[in-house]
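Here is the structure we will look at.
Each chain gets a letter, A, B, C and D, in the order it is written, and its residues are counted from 1.
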Amino acid sequence: MSPLSACLVLSCLLFACGLGAVLIRRNAIVVLIGIELMLNAANLNFVAFWRYGPNPEALTGLMFALFALAIAAAEAAVGLALIIAVYRRHRSSDVDAADELRG
Amino acid sequence: MTGSGILQGLAETAKNFVGSFTHPAENLATIEYPEQRQKLAENTRQFPFLVFDGTDPEAGLRCVACQICEKECPPQCIYIIKSKAKKPDFVGKPQFFPAVFDIDLSVCMSCQICVEVCPFDAIKMDQDFELATSDRFQGLLFHKDRLAKPNSHFQKIHPTEAGETDTRRAADLEKAQAAAAKAAAAAAASAKPVATPANSPEAKNPPPASPAAGTPPM
Amino acid sequence: MNTLDQLPETLKDHVVGVFPAGLQPWISALLAIGALCAIFPALFALTTVLERKILGRIQNRPGPNRVGPAGFLQFAADGIKSLTKEDIVPRNADRLLHFLAPLVVVIPPLLAFSVLPIGRNLVALDLPETGLLFFFAVGASVEVGVFMAGWSGGNKYSLLGAMRALAQLISYELPLILSALTVVMLTGSLSLVAMVEKQSAVQVAGLHAWNLFTPWGVVGFLIFLTAAAAEANRSPFDLPEAESEIIAGYFTEYSGFKFALFFLGEYLGLFAVCGLGITLFLGGWLPPFTWLNWIPSWLWFFGKLGALIFFFIWLRGTLPRLRMDQLMQFAWTFLLPLTLINAFVAGLWHFTADWNVLFRWALSAGLLAAAYVALSRPFARAFPRRTYRFAP
Amino acid sequence: MSVLFVLLAGLTLGAAWAAVTLRNLVHAALCLIGSLAGLGLIYIQLDAEFLGLAQILVYVGAVAILIVFAVMLVRGTEPLVGRLSTSPWLGGAITVLLAALLLWAVSKSPRLRAPTPPAPTVTVKAIGQQLTRDYVVPLQGIGLLLTAATLGAALIALPRRGSNPPSTPP
């Protein structure tokens, strides 16, 4: 069980937690928490491969993780703004409530 | 300029701060009780006390147990039991005196009505406020011995009022003595045409006409 | 000079030397932690008394002088009082969060102290790469504690107080970080030890090159102090615990020892931010003049810390509290733009290094003054000076 | 596979699992903060110090407060009524299937047998130079994106002028 595989296992499990939250839970906030977890799991992969990869001096993995960090923060902000707007329209933060477009 | 208000404020507080060290007398306004005490205004009043003349609180007590103050007191916190015996008052006229004179200070509201209605200047308002006690029931129920204070104390705390009272009492004393002397002379004159031996017993203890005790100025 | 200056270091080496080699790193770490956790809470105790005495003197009264000599045992009295007070937890409070919140508010400032260079090589945790980032990362986690405190009490007012405190902390964190970045830009490294090193260059008449002695340094330091006052909920920005409006803000539901912990956390936050300000702008442990370095370096650090604490107490005795909208408008429309302009001017200062000193100063100072006036006009118009009928 | 790593991984996983399963939203948000902080510490343990501290600063400092504010505004603090989800089995099956697939792929891949290379020395100067040399365009892009995201979020969340004030739920 080399440290790299340990990191990968951890990120798989984190990703599973995030995906489970997105698919199963009905509350919009928990869906967003799930998305955050998935993004961070991917970030962990980048850092793990950068650290245990062939030439760490290239810093590519690290830079990618840095940019992903910034994007995840921006995404969280926009996501929460959407949740508040949906809540104001439908009066509930339940994901299944917003289903007017259904045929 | 936006920042100028802040700078003026800081300068002001700095002046106060430095001033409190350089000349504390003007700047520090605090009177550090109990070491330093504030001079009380003259007619400050806390709770009543009984005045007695001379040195013996029993004999010199001015109170004649007329119980006017007991009736007048709004919260009814004065309790007097009149004694059967009599003792001569400051003009020598035998008067009753209170065997028991209690004031419940926890009830008293310092309204000074008892002082105003007392015809004999026997009760005045004291300025002593450090009466804290841990005994809730008997601690603030003062008896006659604790209430009686000499006339000198009264002069110390209320100098002007004490002065007026003393002059008035002195005037009453002279009037009473003059009346007594006149009565003695009259008795001697009426006794002389009958026989000289008759005047000796009256002269010794002339029945002093009861002095028209001047009602104290309202 | 050197013995006294390096006294803490040599002392630690002696003590660590006693232990077997295997244990030595742990022991030296433990000693450093022990020293930090002893010095700053002691400074907290002293500051509570100093604060009340100085505020008293500002308001023409002597301040506490009953407990201990001239009142300096007052902190023991306050400590015992808060320890013996009953610790009430409201019924519908979230017990776990209610218990955790004070810890999350007190521990980060203690962590932040480890990065500050207190003396000539007296820094508990020397992070050559990311010293300042560690300080801000740890400082940012106080907000989670503030929210936990406000929410867990189950009381609407404390939640409102927590919201206000969070809004203030976040909107003033930006100017704080950006004015610190200005110094990082010119020092070229995030390590606080390197920053102090850079300021030790001797310019003219034996004067150490503190960052304060540059136009962008003065403005940066003032911005840093304003943001630090807001970050530590001090003086004009102490809205979150404004007794008059919302009782005690986010720690309304706390009593006894937990309340004292919040009090401690707040003061430790103030010391941490002041320590950073000293390291960034006032040359850390450097004496102003080189011929003054016979005074030990850690004494300089704590002397400057005392001066800054006095300044904050003095500010508290002077300025009234800001309203919420003034607070936010001041942060976003005045402080933040000024910080950005200051960063630009610092860059300019760096590239005009070979100019004549006078021109260089005139250019930078002129730009900053113009920016200050331009930015303060809309702010002053938004909040006109109040005119009173009778007061002057 | 040092003890510290196992500890941090346990903390992160436990907090992540709690974040998705807890009914009380505020607890879920705080557990998310715990797991993200744990992840930051793992980055530091992987010698990515700058990224680990940046992660703590960005997530624990800002995004966590964002999520918690959203929980407050959406009145998520009332206890959840009804079942956690309408179709738990379908979602659960997909998740487990995917996790199994990933884990199988991880255990099979040949690279994992390679010896662990020495710790690279990451200097902030190197990161800075990379950012301003090779990644200049993405850096400006990120700046643009963040500004757009902030303005967009603010506009979406602001109530429309003249729209009816949010009435209390029926």
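By our rule, a contact is a pair of C-beta atoms (placed from the backbone, for glycine too) under 8 Å apart; a residue touches a chain by one contact, two chains touch by 3 or more.
None of the values given here were measured: they were computed from a predicted structure.
Rounded to whole angstrom units, the spacing between the C-alpha centres of chain A and chain D is 5. Centre-to-centre separation of chain B and chain D, using mean CA positions: 84 Å.
As a whole-number value, the distance joining the C-alpha centres of chain A and chain C reads 35 Å.
Chain geometry summary: the mean Cα position of chain A and that of chain B are 88 Å apart. Residue positions 50, 54, 62, 69, 122 of chain D each touch two or more of the other chains.
For chain C, no residue reaches two or more other chains under the stated contact definition. Taken together, the touching pairs link the chains end to end in a line with two free ends.
Interfaces, counted as pairs of touching chains, are A-D, B-C, C-D.
Residue ranges of chain D in contact with chain C, taken from their complex: 26-27, 30, 33, 37, 40, 49-50, 53-54, 56-57, 60-62, 64-65, 68-69, 72, 77, 122-125.
Of all residues in chain C, only 94, 97, 127, 129-130, 133-134, 136-138, 140-141, 143-144, 147-148, 151, 159, 163, 166, 170, 173, 188-190 touch chain D in the complex they form.
Of all residues in chain D, only 1-2, 5-6, 9, 12-13, 16-17, 19-20, 25, 28-29, 32, 35-36, 39, 42-43, 46-48, 50-51, 54-55, 58-59, 62-63, 66-67, 69-71, 73-74, 76, 80, 84-88, 90-92, 94-96, 98-99, 102-103, 106-107, 111-114, 116-117, 119-120, 122, 126-127, 130-131, 134-135, 138, 142, 145-146, 149-150, 152-154, 156-157, 159, 166-167, 169-170 touch chain A in the complex they form.
Partner chain B is touched in their complex by these residues of chain C: 54, 57-62, 314-315, 317-319, 372-373, 376, 379-380, 385.
Put simply, chain A touches chain D in their complex at residues 1-10, 12-21, 23-30, 32-34, 36-37, 40, 43-44, 47-48, 50-54, 56-57, 59, 62-63, 65-67, 69-78, 80-85, 87-88, 91-93, 96.
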